[in-house]
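Pasting a structure below so you can have a look.
Order as written gives the chain letters A, B, C and D; numbering starts at 1 within each chain.
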């Protein structure tokens, strides 16, 4: 287990607030944030490349905050990989073995296994200068893991790769993680990557951890406006408490001019003290009902007009505005469904916001919603 | 209309083959390809930053291949935007006006409109050094459009931005394009961006245009193994002609040990001369049927076992292998559906490969399928 | 001792070497002689001569260096490599040889004709300026080229797509962006011109009150064992040198266009 | 004339200036005198003296420059700025002043003690080596530091995460990666040492067959109007200079770790 406790660091004028996180054995913790949010600073403080101002890094119960880099027992793959350009692939991979005084033989134990499972045996005598993007990644991973260390720290290692290649490497990373029981701490700005690879996720915005939890939890309940926006959620609405029981509260949404029913798991809010707050829903959770499909489920359905549709890849996104409302709802649905319903600008649709998909924005951050 | 005819160019050892493409008025043509495929080289040859070896660039009927850059009448936004760091936002935006001897007044005609529609009025007196990523983009767009030119050439202008901000700018670009009747030629390596913004798309791989057509056409019918792989399609299978009429041919798929029915629009192939070829299907077009759902539609259904599932964002991807087969099929389905069906490793599922979604791989490129 | 310690110790050794040289000057430093030496007619003449000559030669070389540097930085043309190589010649060849080459040139028919019908260079003020110009011109071109190389070509390319001609793009983009680099290069060239010794003494000699620049004055006074006077002159040169380094360091801070 | 044409013309003007200086040497070039001058005992002595002294001084300065450059490039320590600034001193201050400072140092009690109980520097071979060392040490440290600055620190950082101590990371990563830069810096320093004139003549004088290096020989011969012999010596220096530029250019080609 790798623990970071109340770590804070500074680089120039940038301050990284107190960060605490835990990487469980054989799991992957992703630090997700935009460029300039302090992700790399955090990683470098854990690795030992920077002195933190405060806080501790604890590896399997032993504090390693003060140890020199080479004695921390963490393997590291930086963003640019930093393959040693004056060495062959073989020499790169054997470098940690050589530095730790092991047998410098590619056929030895873990190194041999790695070379095979990463599929780089045919590259061993090539100079790293002539490798393709994917080959470079594999070599860097092999080198980081050659010392047998099971804690891997990755700094956006796939950001330079093309999408389809990136996905191949996601599968490879998952596979390596399972096979070698790796604990991975990784940084990325790529939402899809974070939610593919991460078991737990920390969202870092402007030097502070704004949300932390399991991947499902963070994905479905962003909890603040900034995190929701960062996760690409544009459906955020003002609501006021209306009634209902604690189990299934009812709120009135002025933006959409309708009453919404919330699930009891929609998020932390206190219906007695807070009367006005905000809710959100992911665009892919908004369902389109055909007029005939309207069932006994009468709550959370809005009749709207399609303002615009945008097709991109697997999903079609449409913006629809309810009657008498100026706020539009974004819905994303599979291309095949959009085709079947022949949805186009000007059509009337029934939008269903399922109660189990609506989440409550932490009232402390509500004022940021414009 | 901007036409590129048989353009070839060379940079160092890299050769860009003969490229022809057309950007229709008020439409967006996207050149899609991975890093190092020659996209930027192509764009620079069109703009005039590089001398092409052969071929012509024709703008509204006039050949501009030999003209100096400043007299081509194309506006350009490079990848790094190249905002002039010694000028304010205002000076940057007025630069093209100044160079063309116009009135240097921000309140003048199109400039004023641009400043407002791009929402950068409050930034005018700021130095461009202190802008955020999105503000920089808007300024660069305003500057490129300030001369009133309606041909816009964009070189991955959004690649430095975070996902959610990138999407905001997609909407903005679409909006500007419609409002100012812009013809846009743009380069990107981002699949989602290409299929969001492009009306027509050229896929460039290793210096050659491998696929060209409308966005739907390219998206649904990649036509070659390389293009399919590049577009992230992993479901590619060997098939042999079995029978059926020309309207609805039947093929036997050895990989999946089943007979597949193809649609007549599945792609260019000659059933009389080619007996063995390959077909593909996008993972999001593979449907999961529950045992009860099996209808009269008996073709193209495989019974398989789930090998693995990967959740990432809106979609859950699962790998399933048919009975007696070693090839797995990748299916992507909305998260909500995966949850409803409670799909997990080891479950048996019925996979449906709808005939209208199966496409034929151009037999000339079939040998690349491993 | 750690590896870090050893390497830092080495850097302080070099520092110590130069520091001791400067400090040892003060052993012979007398306040009385400072004023005497500083305000003697001969010293004042040397200072004025050095400053005027260095300023003229630097001005001339920057004038030609700015467009040359732009051509070398931005264009490909036949002979570019040869031009680029020969610019480093004054940095590699001994200043004495450079001065000798000038003197030999003025013994050629062409050189003699110039001397007879135009300006007299040998053993004159013009000779000093020419010696400094020849020493400094290559350096300043190289330094300005380096400053311009730092500015991405894309700025000019984009300026041209926005309607600027090549000349206008240079004036509105490249020149203002490389301003600080050009100023720094001018100052460094000026310092180099001020300290020029070998080429100057070879072509202009060492005539008191005529061609005795500061470095030549140091050499002459030392030859006549006037240590205290020499020390004053050296201190003047060292102070100018250190101030210039400080200014250049401030100028080149935070210049980044990446 | 286009803007491009004007700027290229300017760069050829500078080129022409240096080319004319070199070409004018050939006006006085006689094949007979080449051999006479080249193989005279005095010329051969000068060449040998120059080469030996430059080699020793370069070796010594590179030896101390490599660790110093690493310290300046990689570590933050108190006084780093002062060290970094003073290294440029020999590039800014006149070589004559540098030589004078050395001479003055050896007139100090400490300098006198060294001269009496250790090595005699003034007017000796050791003086030449010392003058060259003082001139060259700062330059070579600066050049090697520039080469090391080019190598991303991340290589060493990653080496350390892979188990290397700071010293091992230096030996296995930084040193091999900066090899070509160090070689280039050594060659340039050697050329500078070979051409050193002002500091050498000030501390070691110009005694034939004792302290007459090549640049000093050029100065002396010209003073005694032996133009043809001077031309031969200059051509030797210019050829060495141009060859070195060519070699350095090859060495620094395609060195990129970005």
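The definition used in the following text is that a residue touches a chain if its C-beta (ideal position, glycine included) is under 8 Å from a C-beta of that chain, and two chains touch if they have at least 3 such contacts.
The structure presented is a predicted model; accordingly, all values stated were derived computationally and were not measured.
Where touching is counted per the definition, the chains common to subunit B and subunit D are A, C. If each chain is reduced to the centroid of its CA atoms, subunit B and subunit C end up 56 Å from each other.
Subunit A and subunit B have CA centres that are 24 Å apart. Touching of two or more other chains is recorded for no residue of subunit A. Annotation for subunit C: residues 165 touch two or more other chains.
Shown here, the protein chains touch around one cycle, each chain meeting exactly two partners.
Working note: touching chain pairs come out as A-B, A-D, B-C, C-D. If you check the complex, the residues on subunit C that touch subunit D are 2-4, 6-8, 10-15, 17-22, 24-25, 27-28, 64-65, 67-72, 75, 77, 79-80, 82-83, 85-105, 107-111, 134, 137-138, 141, 165-167, 170, 188, 191-192, 194-198, 201-202, 214-216, 218-219, 222, 227, 230-231, 233-234, 237-238, 241-242, 244-246, 249.
Partner subunit A is touched in their complex by these residues of subunit B: 34-35, 133, 160, 162-165, 167, 170-171, 174, 189-193, 195-196, 215-216, 219, 229-232, 282, 284-285, 310-315, 332, 334-336, 357. Residues of subunit C that touch subunit B in their complex: 152, 154-155, 157-165, 168, 172-173, 176-177, 257.
Those residues of subunit A lying in contact with subunit D across their complex are 47-49, 68-70, 72, 74-76, 78, 80, 82, 84-86, 95-96, 99-100, 143-144, 147.
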